[in-house]
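In the part that follows, the structures are each spelled out as structure tokens.
Two complexes follow with chain A in common, the first pairing it with chain B and the second with chain C.
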Partner chain A sequence: MTFTGPRPKEPYQIPPGEEVEGPPVTARDPRAWAKENLFSSVLNTILTVVFGFVLAFLTYRFLRFVFVDAEWEIIQRNITNLMVFHFPREELWRVWAALFVLAASAGFGVGAAGTRRAVEIEEGRGVAPGRGMLLRRVAPLVLLVGVLLVAAGSLTATLLVLGVAATAIAFRLLGRRVPARYFRFVALGVLVGIVASYLVITAFGGVPRDDWGGLLLTAFLAVGGIVISFPIGVGLALGRRSSFPVIRLVCTLYIELIRGVPLITILFMSAFALGFFLPPGTERPSLVTRALVALVAFTAAYVAEVVRGGLQSVPRGQIEAAQALGLSPLKTTRLIVLPQALRAVIPALVGQFISLFKDTSLVFIVGLTELLAVAQSITKQPDFLAQGLFVETLLFVAFVYWAGSYWMSRESQRLEQRLGVGTR
Partner chain B sequence: MTETALTSAATVAGGTGEAMIVLEDVSKWFADFQALKDVDLTVGKQEVVVVCGPSGSGKSTLIRCINRLEKHDKGRILVDGIELSDDIRNIGEIRREVGMVFQSFNLFPHLTVLENITLAPRQVRHKAKAEANTKAMEVLERVQIPEQATKYPGQLSGGQQQRVAIARALAMEPKIMLFDEPTSALDPEMIKEVLDVMEELAESGMTMIVVTHEMGFARHVADRMVFMADAEIVEAGTPDHFFQNPEEERTKQFLEQIL
Partner chain C sequence: MRVLRWAFQAVFLFLVVAFLLYIWGNLTGNFERLGIRTDFRYLRQPAGFAIPDSDFRSSQSIFQALLQGAQNTAKVAFIGILLATLLGVIAGVARLSTNWLVRRTAALYVETFRNIPVLLIIIFLWSGLLQLPAIGEGREWLGLMSVSNRGIVVPWFERTGSVAVFLAVALVALLAAAAVWVWRTRRFDRTGEPPRRLRFAGGVFLAGLIVAFFLSGQPFTISLPETGRFGTTGGFRLATEYAALLIALVLYTGSHIAEIVRGAILAVHKGQTEASNALGLSGVQRLRYVVLPQAFRVSIPPMANQYLNLTKNSSLAVAIGYYELTRITGISISQGGPAPQAIFVLMLFYLMFSLFIALVTNLLNRKLEIPGR
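Right, the complex of A and B next:
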């Protein structure tokens, strides 16, 4: 027997000939708006004029530098270096293949999520997406890819990017056809896609991650760091509230120790002092692995404290209600406490992940060539040496970080809206 | 205190006469504060007991001890023949048989009404989804809000939320229902809809302990009134006796203040 819930009735129709009084409509004439908000008093007018000039001047100088003065040749000639650095060029097809796999799984996931949401809206719950939501969601990434393609100036790369985009769209249509009840398998599929894209690069005679560099290494450290540190952080937060004193003590000690030490110190320790902590005779893990471990260890402690704040925000009555229904402590945590706690801390959690994304640039001090390190090193190439091109390279790197961070921030806002933070 | 039929709380006044809940010499402390002092109470099968008394008198603590939301420090508690001990299996078994309704509803805000109700039957009783959904719609019919099944608790009025909370407890098919001031957090116009549901439940033969200040409801529905003050049961008896001829001075004072 299948259950069908009650469906919402027909929307209410206003009977003909009857007018309903709504709130008064205020016309939004731009000139009226400006007068009301920018020139309403003498002081306001002065502020508007002064800051208008400052803003116009800075914008002018910035645009003039970017489009007239700057010499972008260094970026154009080194675009492959900035993306992957000393990654073997004959194996580059693997990176493209990984991008295709990623695009397919992401498109598939987005499509299936759309179907699930449509069902929720039909049932009278769930928030309808705004117009052009998908385009607005990917706007920072589209901008980033656009800039990278302009810098590359390569027809092959453009065609491949178009192929990746087409793959994403095709799989989105495919994902649309997945019934909402199978969504959890789709979520699992997306995770498998991420792992598969890693394997496409490394497995079957591929390139081990120690030979990665540039944006590829940055993305790997960021995604790997987020995916691994999140569950560890949640575990630490739960451990800190455990009823077993030993677990509580260990988790608290770990969190407080890590939080009391700068990330750079942890990176140095994992790069140079890890050998002392491993049993003698063990082979030392590679530098990339050690850097990833340091980033994960650091971020997990902060995630734990953020999540602990969320756990504390769940009212005691929720736990009592679950207990009174006979739910075991484990199920109470998994089904009642954690969903509410995590939802409450999405902004802080994403903030932590944005931090991690930018902090991956610190690994260059232990000798890894991620994006920032590549940007520094290319200014020392014979063709560009001593020409003061730091501004160009740093601006480029800043733009890449900004696009990624802004995209994450937007996704977090969308997630909040979708989960109805603050409304229920 | 004289031991008459009227003052002894350990006598079953209504229902079938079989004991469903037995409390013997139960005491409970919060740090140095004694919340329950040697409480004796026996509740019969299908009996409806209303507990009243001034705030801080231990009413809530009393019923929260029955499903182990609070641990009693002394004495014995038997629920349907099972003794509450530190044995987790016993606690689980008792919680499956005892439904509870809270003052502040405590619905799960991240789940729909239907998911709130089917959660425990599916997770604790391991029922199939379709079966749990059918049962959920049945109890929602009983509390008269089946049309709200797919909404979230935040979209409902207080009275509707409390009725969902009752439905959630009923979906576990409990033998006993505990109500901890179920109407205290409601706007006046919503109190009746909740009391109506509780009255229907009492008439259907559910064993109930109700902590409430709704004296009209108590007089009408209760088989027995229990008056508590300062962590003790001061007086117990049928509603007629309790409201018309209370014996203890403190009971008289309390009734004068609230009636």
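Right, the complex of A and C next:
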């Protein structure tokens, strides 16, 4: 049998000796750049001058405050308080140990994820990452750790932080060697790592979470909140899209009611009224637990909405194909719908985590000493009383929140590009 | 299979109801043991505290106090939404400016305020305002504004006579302005001349206002803040707490709105921009007639979300002592009111706010939706 269709075209070949014109080279002449970007019209020139003056003034005032006028002694002397508050000092090694465990599992997870991505790109299923420079990516985090270490001014702490970083890098290299097909076990391993780091601090005569404070409590509430609320949120999202009207109604009611009220009202309910809802005679859970319950109840509703968006983004054809293959509804959800949906919502989940991270500052109002509360209380120490040092402490706390949130939000943008969300 | 489905749902419903009944049983049991009533009669008891900057007296009921609190929440939310939208749209457009410096400044603002907890901003501003000089030696700017730790005083209208005549004439002027607007529009449709509706209608309205002012015998004057020994008289005082809350919410929400606006503008098809360039529209015209109307439609649902967030975040005023719903509830609990009911009522109030905002924005969305999409 002979092939009679049109012959495939030969790829175009450049005749020898002919110059190829590439894309025009953009002029990097600074004067041309300034003319184009700063002084292209009269209006632009005025804007440049006005904004230049305002910005220069603000930058000057800010830098002058940070490097000349500010009295950072209050931060330096209270750095341990800001990190852990009333955590027993002789047990501090547990926090460091937990950091090592966390660094190991996080590095391992990142390494394994890199291997899997490489496989996906090879198979043409993934988008090749842009040229992201590692140093630029982790800059906010490095800056944060650097500032904390400068404030601490301790050699031991510096060495320990270097150790943590080395552990993360070592485990990242180890994670690289994990074949892509075992990735789900690695994901489970990361979760085990998070739980283990919690146990390192609490188990075997450790410090119960009720004695935690400062950044440690903030991190615990944020991470604990998202980890616990994730499965609940997925359940609620599935329930809201369920074909059972009763389940749909209950889940929708829960999600919409929670989303309609401020977090502080739920925190109030949990902090002041939870005891009334427990059987008479039961001991009331501690304040930390009650705050965590409120944060989980609140975040679950928002996670549910995020996941619902992911569920809706799974093409209908996928479900129909699964049914055609004879998969049961449960298997269709578990094997076809959820993996695709959850993958698509990872960036949005990171966003939700950032908002939870910032929202943990609200537990200050019900009386817990997280980072913001510590910052407020150290200004009332006898040595620092009534000196208007709130600017220093609040600026420091704002920087900690900012560095964490900014770093994570940039990572989530990168993830978004890599997963190609919205471009498929 | 069908029977199974319903049986499963019945079991689920049974579990949910059983759980709620169990909780209810615990609640009533605990209340009985502690001798607290389970009804809402506490709402009728006298509040026992006064609310500054309002007509509320401590002999009025707790329910009345909550209504006053709702009014204060609405005062922050409404003005906050207006200002945050203004700031957000400006910052969002500025982030896409052709001017490098403007672009960078807007990015600096957005990335700073988006990544800090709003509670921290509120507390920071409040502490800052409290550091201002005391009222006797408060700072004054050109005699127009007075700033002290008791608040910011700005010029405001002061009534000196009957306003009824003025309002009546002003209404006539408004109607006349509307008529002029319609006339200019029709003329534009007929002849294609530039309509200049705003200039014509605004001129008519302004002239009407001036006529009304003198016709009714100058019913009000502008009162400037005057600093005396015991405080400022005249003008309109923004209490420290209110000012701190409002500014913080506007800065925080504005940075989020800026991101929405930026995304919405970027979502407008590139061909639209190119087409308007080809038609020879200027940069401002392109924004005003082509890009923003389309971006606006896309951004209504996420903006509605931000408006809801701003309203809910106003509850954080509880940390600085502005008398809105949450703080009044907190006070009533600390005075021995039953916590579960009080917080339940508080949630109902916020749900009503949320429903109201959702309703308004949904109506707006439906009205502005491009038909057939």
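By definition in this document, the second predicted complex is superposed on the first by the 352 of 424 C-alpha atoms of A that agree within 3 Å, B and C clash if a C-alpha of one lies under 4 Å from a C-alpha of the other, contacts with A are read in each partner's own complex, and residues count from 1 in each chain.
Keep in mind that, in the parts below, a contact is a pair of C-beta atoms (placed from the backbone, for glycine too) under 8 Å apart; a residue touches a chain by one contact, two chains touch by 3 or more.
Worth saying up front: this structure is predicted, and the values here are computed from it rather than measured.
Visitor: Tell me the contact category for A:K331 with respect to chain B and chain C: first, second, both or neither.
Guide: first
Visitor: Does the superposition put A:P245 against chain B (first), chain C (second), both, or neither?
Guide: A:P245 sits against chain C, while chain B stays out of touch.
Visitor: See if chain A has more residues touched by chain B or by chain C, and give me that chain.
Guide: C
Visitor: A:L38 contacts which: chain B (first), chain C (second), both, neither?
Guide: The second partner, chain C, only.
Visitor: For A:T48, is the partner it touches chain B (first), chain C (second), both, or none of the two (neither)?
Guide: second
Visitor: Would you check which partner chain A:Q318 touches, where first means chain B only, second means chain C only, and both and neither mean what they say?
Guide: So A:Q318 only meets chain B here.
Visitor: Given the touch rule stated above, what does A:P339 touch, chain B (first), chain C (second), both, or neither?
Guide: A:P339 sits against chain B, while chain C stays out of touch.
Visitor: How about chain A: which of its residues touch chain C in the complex?
Guide: Of all residues in chain A, those touching chain C are 37-38, 40, 44, 47-48, 51-52, 54-55, 244-247, 250, 257, 259-265, 268-269, 272-273, 275-280, 354, 358-359, 361-362, 364-365, 372, 376, 388, 390-391, 394, 397-398, 401-402, 405-406, 409.
Visitor: Okay, in this complex, where on chain A does chain B touch?
Guide: For this pair, the touching residues of chain A are 1-3, 5-6, 123-125, 315, 317-318, 320-328, 331, 335-336, 339-340, 343, 420, 423-424.
Visitor: Under the stated contact criterion, what part of chain C meets chain A in this complex?
Guide: 5, 8-10, 12-13, 16, 23, 26-27, 29-31, 33, 97-102, 105, 111-112, 114-120, 123-124, 127-128, 131, 312-313, 315-316, 318-319, 326, 329-330, 333, 339-340, 343, 346-347, 350-351, 354-355
Visitor: Could you please specify the touching residues of chain B with respect to chain A in the complex?
Guide: Checking each residue of chain B against chain A gives 67-69, 92, 95-96, 98-100, 102, 104, 106-110, 112, 114, 119-120, 123-124, 129-130, 133-134, 137, 146-147, 149-155, 168-169, 172.
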